[in-house]
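Same chain, two partners: chain A is paired with chain B first, then with chain C.
The block that comes next holds the complex of A and B.
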């Protein structure tokens, strides 16, 4: 089944072309990578998928539903979850609350019940609390539960962002440079973590990354972007040998 | 008698501060028009009672509803704006309310204001209101609604990626805040017994915001304490009236530099916590 289908999407920022006529089909339970030099439009693809800004042309389908016009929060509710290139945790909430925020839209109690503390909100809050603690435990973050994210090491913050995406029980996970700023040891454990997540929760994952080793090892399909255009798509071995990809990365002399 | 009066005034302002706390403190929405909502509440209640001869509780309810409805109407065009523009637009709206009250002299008495309300609001009602509002705000703060508020304040984009409808959330916050503020205004009208359009201008709105900041963005207790100190201080030291704001400015500067999270940071005085502390001793 196709989880995501992007059909002929373009995006310009003023005079700058960020993405031109981009097509992409994402199958269920697969890990796909998007690579390309800086400014190639990789993050733009993510921002269009989860609705950070509107696109100029084309359509996006998520599980056979046209989400081109859906607002960002609706897409999150439908099951698209993401991490950010420059970590975006809520710095005034502790780790546990950061987790809880991600599934706030799931609660069934109303504002009024919440105001006067009826039993239902309390019961659901307890469930959310357990769920948050479960996922913290799952990614070995339990010891940080009551800390502010600002005080945590970079690698832990990245892992927390990953844990937070799981709270909404997403179908599609978008990881924007998950290995950025991690040391080699942390990258290895990140790779294992992503694979584990994918298997444990039947996730479909798209990764934007500069870290080639990570991309080549865990992705089954790779899209290569350059200056907003897709220049290649294929299995890791094919991409490694692709002429135009090498050219884009290393220049004409290569 | 004097102390009682001071306590009443202080408590009245504390209600206003609580209204502002939810939107400015928790959600990071700066409005320089909250003074307008105080006036709206005060005038709605006064007009309902004096001109329409409605019973006092109904007049109070009308003030709250009016605050909420106007909050909703004003929120539709303004809450999608960037925060700095929101600040400017609410500033204008607040001043518009003031101008409108001056202009609609037949209904509001214009610059002469309205007087002659019976004293329906005493200290007990004000204090009960504070307790009730604090309870509601605290309930909201510690569950989903409060988390969403802080998430929206910290990072709107990330918040929307978490499934929060940022606009709708701000709207709820603005409505609740405006309703509380209007309620405070209605109590004011029936306690001070005299209202005029210039009572709550944008400076007053700004003061409410500043107190929220000094008290602590994440602390309802801190905000209440700061508000109590500020407004009672003002009554006791009338003779150095001008210096009150100089002192406040000094405190604000010191707080912003040395305690950016506010005097009380995230402290909350909860009955459970206080009890458990004494038990341990």
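The block that comes next holds the complex of A and C.
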């Protein structure tokens, strides 16, 4: 099954072209990579998938549903979760509350019920609390539950962002440079973590990354962008040998 | 001053300070999320002061019922104001200055409206309490003030619980630190902002009712919000707890000063000390070095 289908999507910022006529099909339960030099439009792809800003042309389908016009919060509700290149944790909330923010708002109870403390919202609150603690435990973050994210090491903050994406029970996970700022040891454990996540929760994952080793080791398919255009797509071994990819990364002299 | 008098003024001050704290929090809640000074909160206070007078005097003279009703009406007025004058400019990405201008205009509109319609008279709330004071030995306590204090404390405790524990409360706090990211987690940010205005409106409703009951209702009752705004600023913008503490301190300082140096000099001393305090500690009491980003 195709989890995500991007058809001929373009995006301009003022006069700058960020993405041109981009096509992509993402199969279920696969890990796909998007690579490319800086400014190639990788993060733009993510921002268009989860609706940070509207696109200029083309359509995006999520599990056969056209989400091109859907607002960002609806797409998240449908099952698209993401992490961010520059970590975006809520500084004024502790780790546990950072998890709870992302609990998913599919089940709605009215404000009135909440204010006069009816049993339903209380039960739900308890469930959210348990779920948050469960995913913290799952990624070995329990000991940090009551701390502010600012006080935690960078690697822990990245892991917390990853744990937070699980709260909404996503189908599609977008990881924006998850290895940025991590040391080699942390990168290895990140790779294991991503694979484990994928298997445990049947996730479909798209990764934008500069860390070639990580991309080559865990992705089954790789898309290569350069100046907003897709210049190659293929399996890791194919991409390694692709002429235009080498050129984009190393320049014409290569 | 005799020790009795000091204690009594202290209690009066805390009661008055409780209402300042209500205002500071109602004001701060919106400031935290949208980062602008919401003067229209004074409009909500004024409308609710009149509304509370009207229903308690002419419809159903029961204290608790009319207070709750006024609070709910305040909540909805907050939501209406948000949808009418703030949401359209927010969706257009207007600068913060425009939010400020809109909020001041709304407050003045309300004030002028009441000045024209009912400005020729003072409107007293019904006397809910026959015996207005409790005597404990030489010590006299005004029941109205005790009532004000307990209601303010009750409302603030409930709000604090909601903000700390519930889904919507956590979302409001998350939006206070970063308004763009929550929607990527499935949170409808428009709903969160409306809810923040609803809560602020409820506080405004209670404030209006208590002020109307303790004093009388006149068109300029909304401008008392200034004390709340000052409390929010002294407390440290971005910190609701700081606003509560500052509100109480302001109330106490005011009451003690009035007893000591008189009502006419008190505002001069208060405002001068506030300027001095902010010169020394611009980030306010709770001081997190809070910086407003545009």
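By our rule, the second predicted complex is superposed on the first by the 250 of 254 C-alpha atoms of A that agree within 3 Å, B and C clash if a C-alpha of one lies under 4 Å from a C-alpha of the other, contacts with A are read in each partner's own complex, and residues count from 1 in each chain.
The criterion applied here is as follows: a residue touches a chain if its C-beta (ideal position, glycine included) is under 8 Å from a C-beta of that chain, and two chains touch if they have at least 3 such contacts.
Since the model is a prediction, treat every value here as computed from it, not as a measurement.
With chain A as the common reference, the superposed partners chain B and chain C clash.
Contact with neither chain B nor chain C is seen for A:11 once the two complexes are overlaid on the shared chain.
By the document's definition of touching, both partners, chain B and chain C, reach A:76. Of the two partner chains placed by superposition, A:159 touches none, neither chain B nor chain C. When the shared chain is aligned, no partner comes close enough to touch A:211: not chain B, not chain C.
When the two complexes are superposed on chain A, the residues of chain A that touch both chain B and chain C are 50, 52, 71-73, 76-77, 81-82, 84, 88, 90-93, 97, 100-106, 111, 114-115, 121, 125, 128, 164, 168. Taken together, the chain B residues at the contact with chain A in this complex read 136, 139-140, 143-145, 147-148, 150-151, 153-155, 157-166, 172, 217-218. Chain C meets chain A in the complex at residues 158, 162, 165-168, 170-171, 173-174, 176-178, 180-189, 195, 198. Contact residues of chain A toward chain C in the complex are 50, 52, 71-73, 76-77, 81-82, 84, 88, 90-93, 97-98, 100-106, 111, 114-115, 121, 124-125, 128, 164, 167-168. Against chain B, the residues of chain A that register as touching in their complex are 50, 52, 71-73, 76-77, 81-82, 84, 88-93, 97, 100-107, 111, 114-117, 121, 125, 128, 164, 168.
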